[in-house]
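Each chain gets a letter, A, B, C and D, in the order it is written, and its residues are counted from 1.
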Amino acid sequence: MIRGLTRAGLGTIESNEQFISGAAQFGFQAVDLNPVHFIRQCGREKAAHLLESKGVIIGSIDLDVDWRSSEERFREGLKALAEAAEAAMSLGCFKCCTYILPSTDEAVAPFMAAATRRLRLCADILGAFGIRLGLEFVGSRHLRTQWANPFLWRMDDTLDWIETIGARNVGLLVDSYHWYTNGLTVDNLLKLKPEHIVHVHINDAKAGPIENLLDADRLYPGEGVIDLHGFLQGLQTAGYSGVVAQEVLGPSTSESMEELLARSKAGFDKAFANL
Amino acid sequence: MIRGLTRAGLGTIESNEQFISGAAQFGFQAVDLNPVHFIRQCGREKAAHLLESKGVIIGSIDLDVDWRSSEERFREGLKALAEAAEAAMSLGCFKCCTYILPSTDEAVAPFMAAATRRLRLCADILGAFGIRLGLEFVGSRHLRTQWANPFLWRMDDTLDWIETIGARNVGLLVDSYHWYTNGLTVDNLLKLKPEHIVHVHINDAKAGPIENLLDADRLYPGEGVIDLHGFLQGLQTAGYSGVVAQEVLGPSTSESMEELLARSKAGFDKAFANL
Amino acid sequence: MIRGLTRAGLGTIESNEQFISGAAQFGFQAVDLNPVHFIRQCGREKAAHLLESKGVIIGSIDLDVDWRSSEERFREGLKALAEAAEAAMSLGCFKCCTYILPSTDEAVAPFMAAATRRLRLCADILGAFGIRLGLEFVGSRHLRTQWANPFLWRMDDTLDWIETIGARNVGLLVDSYHWYTNGLTVDNLLKLKPEHIVHVHINDAKAGPIENLLDADRLYPGEGVIDLHGFLQGLQTAGYSGVVAQEVLGPSTSESMEELLARSKAGFDKAFANL
Amino acid sequence: MIRGLTRAGLGTIESNEQFISGAAQFGFQAVDLNPVHFIRQCGREKAAHLLESKGVIIGSIDLDVDWRSSEERFREGLKALAEAAEAAMSLGCFKCCTYILPSTDEAVAPFMAAATRRLRLCADILGAFGIRLGLEFVGSRHLRTQWANPFLWRMDDTLDWIETIGARNVGLLVDSYHWYTNGLTVDNLLKLKPEHIVHVHINDAKAGPIENLLDADRLYPGEGVIDLHGFLQGLQTAGYSGVVAQEVLGPSTSESMEELLARSKAGFDKAFANL
């Protein structure tokens, strides 16, 4: 598996250059960033060279299409999707991810119909560029009642939904926080097939009942109570060998990117030991 | 449009032969029946001859697959679906219908995922036999709270779901009672395209607020307050020219099939006048 | 049915404004043009106003995606498709068409696999904007051997392929020349369902064996031997009520647009008489 | 990987019991057989017990649906498919395979359209039972001109076709003979993803130019020139861990099943050594 980073949890990052250099400096081999912006900033060739020279790949891009609200907004996002996919592809990145909020203010059945159709189309467009789509189920309990109607948060239900979406290139984004707050175990990971896992997020949780854990109150890997070594081992046994990207959604901090990268590295060293 | 009958509202019918003869006698040109049972009873050839000699066609068959509960039950139903489709095809019937209950005890999002996948598969199997699948939205208000969670009942939402199911051979079963209890108008019918309408049910409603109308308390066409002539005219203008089948779900009656057919005929004469 | 024009057969047209004005002046109610170019030239608002003020709609746009050669070129086209679809939608046009060459230098089975997948994706993107995709089968005999391997040209085969493509919004573009050179009759049109017909082209053929007719040697409607009145009557009976666009692929001419529009109008008057 | 057998190459096998017992006796852990026949012969419970008591599983079932000729024959096969799938599932088998003939007497493009649609439907029905569908590409050169028109035989083209078929549960059946006669190498196997490989056949080839090798003239594993150890190693590295079933299509032999099983075992011992 490949050590990766998202921007979440690294404080202020001034540029993609700084992000990539910092990642490389602390032993990370992947970053999740926006390839369209990156290419606009410095050109495709320079962007590719920067990544290559640092030995860093792009782990995954975000699905920058609003599939949760109106058809108008969905269509608006569609217009840029093929370009984003091409940008990712041109920089060697073949993963794209989005998350599923556990509740919604929309009537659930019609929303599910729309969401299924929209995600299918996004997956098919991405597929034309060889890119897979990862759906992130969200375990944080308070989000199940954040909006009027319960939607979907279980890993099994997400896998089942993926069957309904039906495209061959759709799978899960497995995040250690959501795995943990959903009360899942390593056994649940062992049931996954290689094609089920598109991307992985890693971060840690505070002690206490999982019911009380807040989505934006996560800890750096190794600084909390999640068995991250078991988590990674389970994914590895299930056949995953891709990027594991840190995503620490938490309160802002006064530490520098370097200090935060050092903490991140320490956590990864622990979690990745003897894999 | 073609005058048709289901068994609902005709009291006790002793046999398919009696059903078909009675229909023909009172000017109906179509009956909705189970083609597998019919063929088992008298053989495909005799069944076809009986229909032909009376000038009666089969309007639609019921989707005899349980897509609303467990995967086990769904699979069980699948086993017989191709045979049912072939039986229908062999008797010249190319429509199959099922209804959508407006609420469910299942968690809605996962149920929607399963239902979408299952109905897609049913549609595809039927499609191999040239058969279209009609989904009946159900307007009766009390059914929206009959089970724990609201599901889907609006015509627009059903059309949207049909887009998600995605198969080319899926459309609506438009029932006058559900059209009326949903508060729809002729204008709503005029927005439909020919391919949206697979099958039509006709029956009438008691006076009073539509919120209070019960699903199993329907009236014979022409004996209630629904503008059935406008209903049929709207469907015709939208390009529908198929079977309109009476389906009177109501309390049992002591009247004979002949008496009930005579009432039905009177209602159809009124509703079909000047179309 | 609505009288429409493409640019083919109208000589030199200086601008979309001239095209639209000329169309309106000679009683045409639709033009096929590129909505992206049109909006770029004069802005969406002015474009819409120009159409509206002349009582002209856009009949159909061309599928500007190369689905016949490499994946690279296909992807390149994809990038602009959503924008083109939105431009069409914003000007009230909901049809997009492409033609099928009857032979190919590619190995047929792999090409068919790629073409099916690509057209499906194009259809799904268009579908998000409410746009239908019309596939034009091509009857001109000499094109069946123009490239190394025979591909597909029969109307029935095209309909069958449409079932395989599977998207609900795909149908035929029926062109009178291809209908005629394929040896089809009005009966073949009567078998079509409304949803099968997305768009219609009209033009005429020289006398002589249909085997000898060249694709780029067509005549103005009414100046050749095709029974265009029967053609239109068949389509109308099949439920088509949309645009019938003239497309005269022929040698260049010294006549002015006005002279050519007058000839076109005369042909349409004849073909549309008593429909 | 699991050592498996088909009936091909084992002479006369009197019964499934004999087949299973013989397999177990010679260290094979899987047999490919018809689960419907097996269950009809001895009941589901006894069949399951027989397999379990011998430590043998069913490797794969044949797709017993004619997807290569008429719609009538295809529909006929469909009727029994769900039952076959259920029988397989009830005996713990979740693979079903079919082969692709490299040429066809049908016009290729229309045949490809039909084949794609039919295989998609078969895959979807199988998928409802958790069963994957493996497509076997066929390398034997003489079959490319056996029928009038070349169809499809390359592994890459088959993978591409699988993307077009689109169902999530479709992959390859990789047969060592077709891999070899197609001129493929271990590198080609290393490019496969775990989900690409549904089933594996193993058998060997005579020396001489691969162009001359006949499809029904195969050798027992280890008795020919194919690098079967490399073949298996490649598949294993690509993530395959399922059944590898011997399928020796060759002239009939006077040897007993036991003698043939002993030869098979010897070949497997060699090919599986140090995996």
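Simple rule for what comes next: a residue touches a chain if its C-beta (ideal position, glycine included) is under 8 Å from a C-beta of that chain, and two chains touch if they have at least 3 such contacts.
Keep in mind that what you see is a predicted model, and the values were worked out from it rather than measured.
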Equivalent interface to A-C, taken from A-D, A-B or B-D so that over half of the residue contact pairs match = B-D
Round to the nearest whole Å and give the separation of the Cα centres of chain B and chain C.
-> 38
Where the centres are mean C-alpha positions, what is the separation of chain B from chain D, in Å?
-> 44
Please list all residues of chain C that touch 2 or more other chains.
-> 163, 166
Graph class of chain-chain contacts, one of line, ring, star, complete, other | complete
Of chain A, residues touching chain C in the complex | 71, 74-75, 78-79, 81-83, 86, 118, 120-121, 124-125, 128-129
Can you list the residues on chain B that touch chain C in the complex?
-> 127, 163, 166-168, 193-195, 239
Residue positions on chain B within touch of chain A in the complex are 107-110, 112-114, 116-117, 149-152, 154, 157, 160-161, 163-164, 166
